[in-house]
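There are two complexes below, and they share chain A, which is joined by chain B in the first and by chain C in the second.
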Partner chain A sequence: MEITFKLYATLSQYLPAGSVNHSINIKISDSDTAFSLLDKFNVPRESAHLVLLNGVYVNPEDRDKPHFIKDGDTLAIWPPVAGG
Partner chain B sequence: MNDEQLLRYSRQMMLPEIDAEGQQRLTDARVLIIGLGGLGSPSSMYLASAGVGHLVLVDFDKVDLSNLQRQIIHSTPDIGRPKTESARETLKTLNPEIKITTIDHALDEKELLEQARLADVIIDASDNFRTRFAINKASVESKTPLVSGAAIRFEGQISVFDPRNDESPCYRCLYNDDVATQETCTANGVIAPLLGIIGSIQANEAMKLIMNIGETLNGKLMLLDVMHMEWNQARLGKDPKCPVCNHF
Partner chain C sequence: MAWTRKVLRVNLTEGTCKEEPLNMQWAKQYLGQRGLGTKYLTEEIDPKCDALGPDNKMIMITGPLTGTAASTGGRYSVVTKSPLTGTVACSNSGGFIGNEIKCAGWDMLIFEGKSPKPVYLYLENDKAQLLPADELWGKSVWETDELIHKKHQDPLIRVACVGRSAEEGCLYAAIVNDLHRAAGRSGVGTVMASKNLKAVAVRGTKGVGNIKDPTAFMKATSDGKKVLAENAVTGEGLPALGTQVLMNVINEVGAMPTRNMKEVQFEGASKISGEAMKEPRPTDGKPNLTTNAGCFACTIACGRISTIDQGHFTIENKPQYWGNSGGLEYEAAWALGSDCGVSDLDALTYVNFLCNEDGMDPISFGATVAAAMELFEEGVITTEHTGGVELKFGSAEALAWAAEVVAKGEGFGRELGLGSKRLCEKYGRPELSMTVKGQEFPAYDPRGIQGMGLTYATSNRGACHLRSYTVSSEILGIPEKTDPLETEGKPELVKAFQDATAAVDSAGLCVFTTFAWTLEDIAPQVNAACEGEWTADSMMEMGERIWNMERDFNIAAGITGDMDTLPKRLLKDVAKTGPAQGKVCNLDDMLPKYYEARGWTADGVPTDETRVRLGLA
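What follows is the complex of A and B.
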């Protein structure tokens, strides 16, 4: 199945060549999870705190759950921000 | 309200959603602002100029030359002064009508809860997760709405956590203790106008909460990347296992 994978802000450096506007369409297997995709792109898990699936925040316990991501989904990741 | 006050606030009072009733709510309101840096500067200045009756300013820090690129409430002659003093002066110049209380030390848990209980809205303009978790706990325990803003480098986030609503998530539902980063603007840098954008939205959300108008960011997280000028909005749910908002 194919999904849109987006890495925002400082995480965009981990996107492969061919990505446009933080975004790339990738083919994934049914067993892939948010965490396995982060690992595939060498994104440190601690830098990827805000995981959004189709614009909805994904709770930490669901980030390694297989079959959570469906064909056509958009998975977007943002780094944590606390400065002010 | 006298003629001068009517004139001062006329451009917002002419908005039917605000009118005299909204202005009176602002006048009667007390807002706790924690942090008088890049976010606390614009948010407190907008709240003061809009006529929020009582601002409680909390910051233990002194003004440093390196602050002035972004902390627009402070000026060059303020270097070395407590930020609370410098901020009070700027805000009093902007609007002598309002009351300002300053606290120039870090609040312990008990003091923070006490201040949260007295406030109508809390603005989190702090710069680290530890303080943010403490503020969130006080907000949840006192059931005082929290307007949370954060910014670093070219990225910003804003949300509202309203514990008066049982379905509302809290800041701890969004971030947990596993957040390893302790990145600060001091160590990582930040572009100044981003703080102005996020801080201004915090003030706007606080005013809406006080006046009970419009729709706030409660249950939503706004994410902004100013390098690519992209706004994103995420829906936040309550974490059923949250150790904070499920406890109180």
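What follows is the complex of A and C.
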């Protein structure tokens, strides 16, 4: 299945060339998790503070849960950020 | 220093400057800045007075930690009655002039009456003079700053002043200090101009003193700085990307108000984000962001300094904008960008420059232009009104034009200077104004972040994010994550944020420290500097006292509980996309519980019991 994978702020550096707007479409397996995808892109897991699946916050206990991500989903990840 | 115990009272009608002692009883109850300034205001003016009349007063006030070694201890506030909302107004600014006022030996400056002619206050330590400002009137903030420096031949003078927009009656005019920091919201600059007061120029050389326990203070402030440095947000995230890092976050969660809040996600968000500001432009190979910058004593340095491509249409024949200047913060980028549907980063930066140059609040300006764009789309406003300008969503040219005419109060710019509420009422479409109590919304759609709906509805200065930033909890997980689409627990969350923020706003510190600090980090710094026993609990109680005092002022001014509401668009029209798709803001689920948590009646009035408990009766 294919998803949209986004890395923002200081994590953008881990995206491969060819990424557009901090985003890349990638093929994943059913067993892939947010953490396993971070591992594939060499992003330190502890850097992933804000993890959003289709804009909805993913709790830390769900970030290594298989079958959590579905075909067509958008997974977006940030380090600790704030503003206002 | 902590309190200098000195107040400068400037009577503009009489042309006098008099020293008086600080009311220490009030200082121990309200600390400084927002709390203490509001206490003075509520004691000295009739809440029903005309905000732009001589009976209103304008107070510039520091906090006890302003000018000290505490990180971010450079803040000051402007407290007055707002001409935009009719509520109490308190606008907080950084930069360097807060420290300068304190180093000149003053806790606060109270301006009363109205000068018969334009003047500016020149303050050099104990010497306070009202000087003629005829040659400054009609000048921009940047020109005024330069002229004052030339006249006094002192590069270290710090200047806070109003631009042409305030002189022309723009109701959301700011007071700009140090060229591009601003007491921005609620029209405090309009009040200053209404008094014929063009500028406050300050030079202070007295330094820091009067700390209760210097050894404990140095330890407490050092401990605090360590916490800020080691926190990933305040130590890395904010310096690198500034507040603009939120652009993609808020868009992703579906809470990005777009095109006058008709939509909750903006297709151009990534082009105007903090990340985009760092990327080289295809046109000149240089990034929009030049560097970050910090205010006095700040160890975070979230500020943005930007440079526009010299070939960009906004500045190609205007070399005065070719240098670097204050760049986009998230709130400005949102209001000028997604709310107007404009995704041209350099155009937004140019308009932001103009907001600094002539002192307009970019949030209210952008949101008002967005409302005008919707009126234009609806055919209510036409090119006959605009002098031929196609005021369409997405038009960078129209946005730049709007900023130019509001800055100078020219033509249709005078109508845009009324703010969204009065503009929409004038054209018979009040429902298109995205405001609460007359103040324009900031950058979070409450359909996607429910707590912010309650925040906006109950804010004592009209729609505002800085009165209770529950985004921190609901989206960013600071201090703990809550569900942005749920209303359960939000009344208590909003109350806690409101009270804690009022305390921070009274200390002389920046609220951004609270991404890393709690009151447990701040109270030891205040306690070591100030007389009295200051703990996290006592500061929280003080925050609640301030909130209720502000509420009482507003009620006396005629701003009552029935105005604790939101535009129908947010209560009736569902979000079309994103996680909040199909949802409205469920304010009715939260407001009664909020009143109950506050100890207020069902009509939103503090009970006698609450007033007694807080020492307000």
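Remarks
As a working rule, the second predicted complex is superposed on the first by the 81 of 84 C-alpha atoms of A that agree within 3 Å, B and C clash if a C-alpha of one lies under 4 Å from a C-alpha of the other, contacts with A are read in each partner's own complex, and residues count from 1 in each chain.
In this section, contacts are C-beta pairs under 8 Å (C-beta built on N, C-alpha and C of every residue); 3 or more make two chains touch, one makes a residue touch a chain.
These figures come from a predicted structure and were not determined experimentally.
When both complexes are overlaid on chain A, the residue A:Ala9 reaches chain B and chain C alike.
Of the two partner chains, both chain B and chain C are touched by A:Tyr57. In the superposition on chain A, A:Gly18 makes contact with neither chain B nor chain C. In the superposition on chain A, A:Trp78 makes contact with both chain B and chain C.
On chain A, the patch touched by chain B and the patch touched by chain C overlap at residues 8-10, 21-22, 49-50, 52, 55-57, 59, 76, 78-84. For chain A in complex with chain C, the touching residues are 6, 8-10, 12, 21-22, 49-50, 52, 54-57, 59, 74, 76, 78-84. Taken in their complex, chain A has these residues touching chain B: 8-10, 21-22, 46-47, 49-50, 52, 55-57, 59-61, 76, 78-84. By the touch criterion stated above, chain B contacts chain A in their complex at residues 35, 37-40, 124-129, 132, 149-157, 174-176, 178-185, 188, 190, 195, 221, 223, 225, 227-228, 230, 232-237, 239, 241. Those residues of chain C whose C-beta lies close enough to touch chain A in the complex are 231-233, 236-238, 240-246, 248-249, 252-254, 270, 274-275, 302, 329-331, 465-466, 469, 471-472, 475-478, 481, 483-484, 511-512, 515, 578-579.
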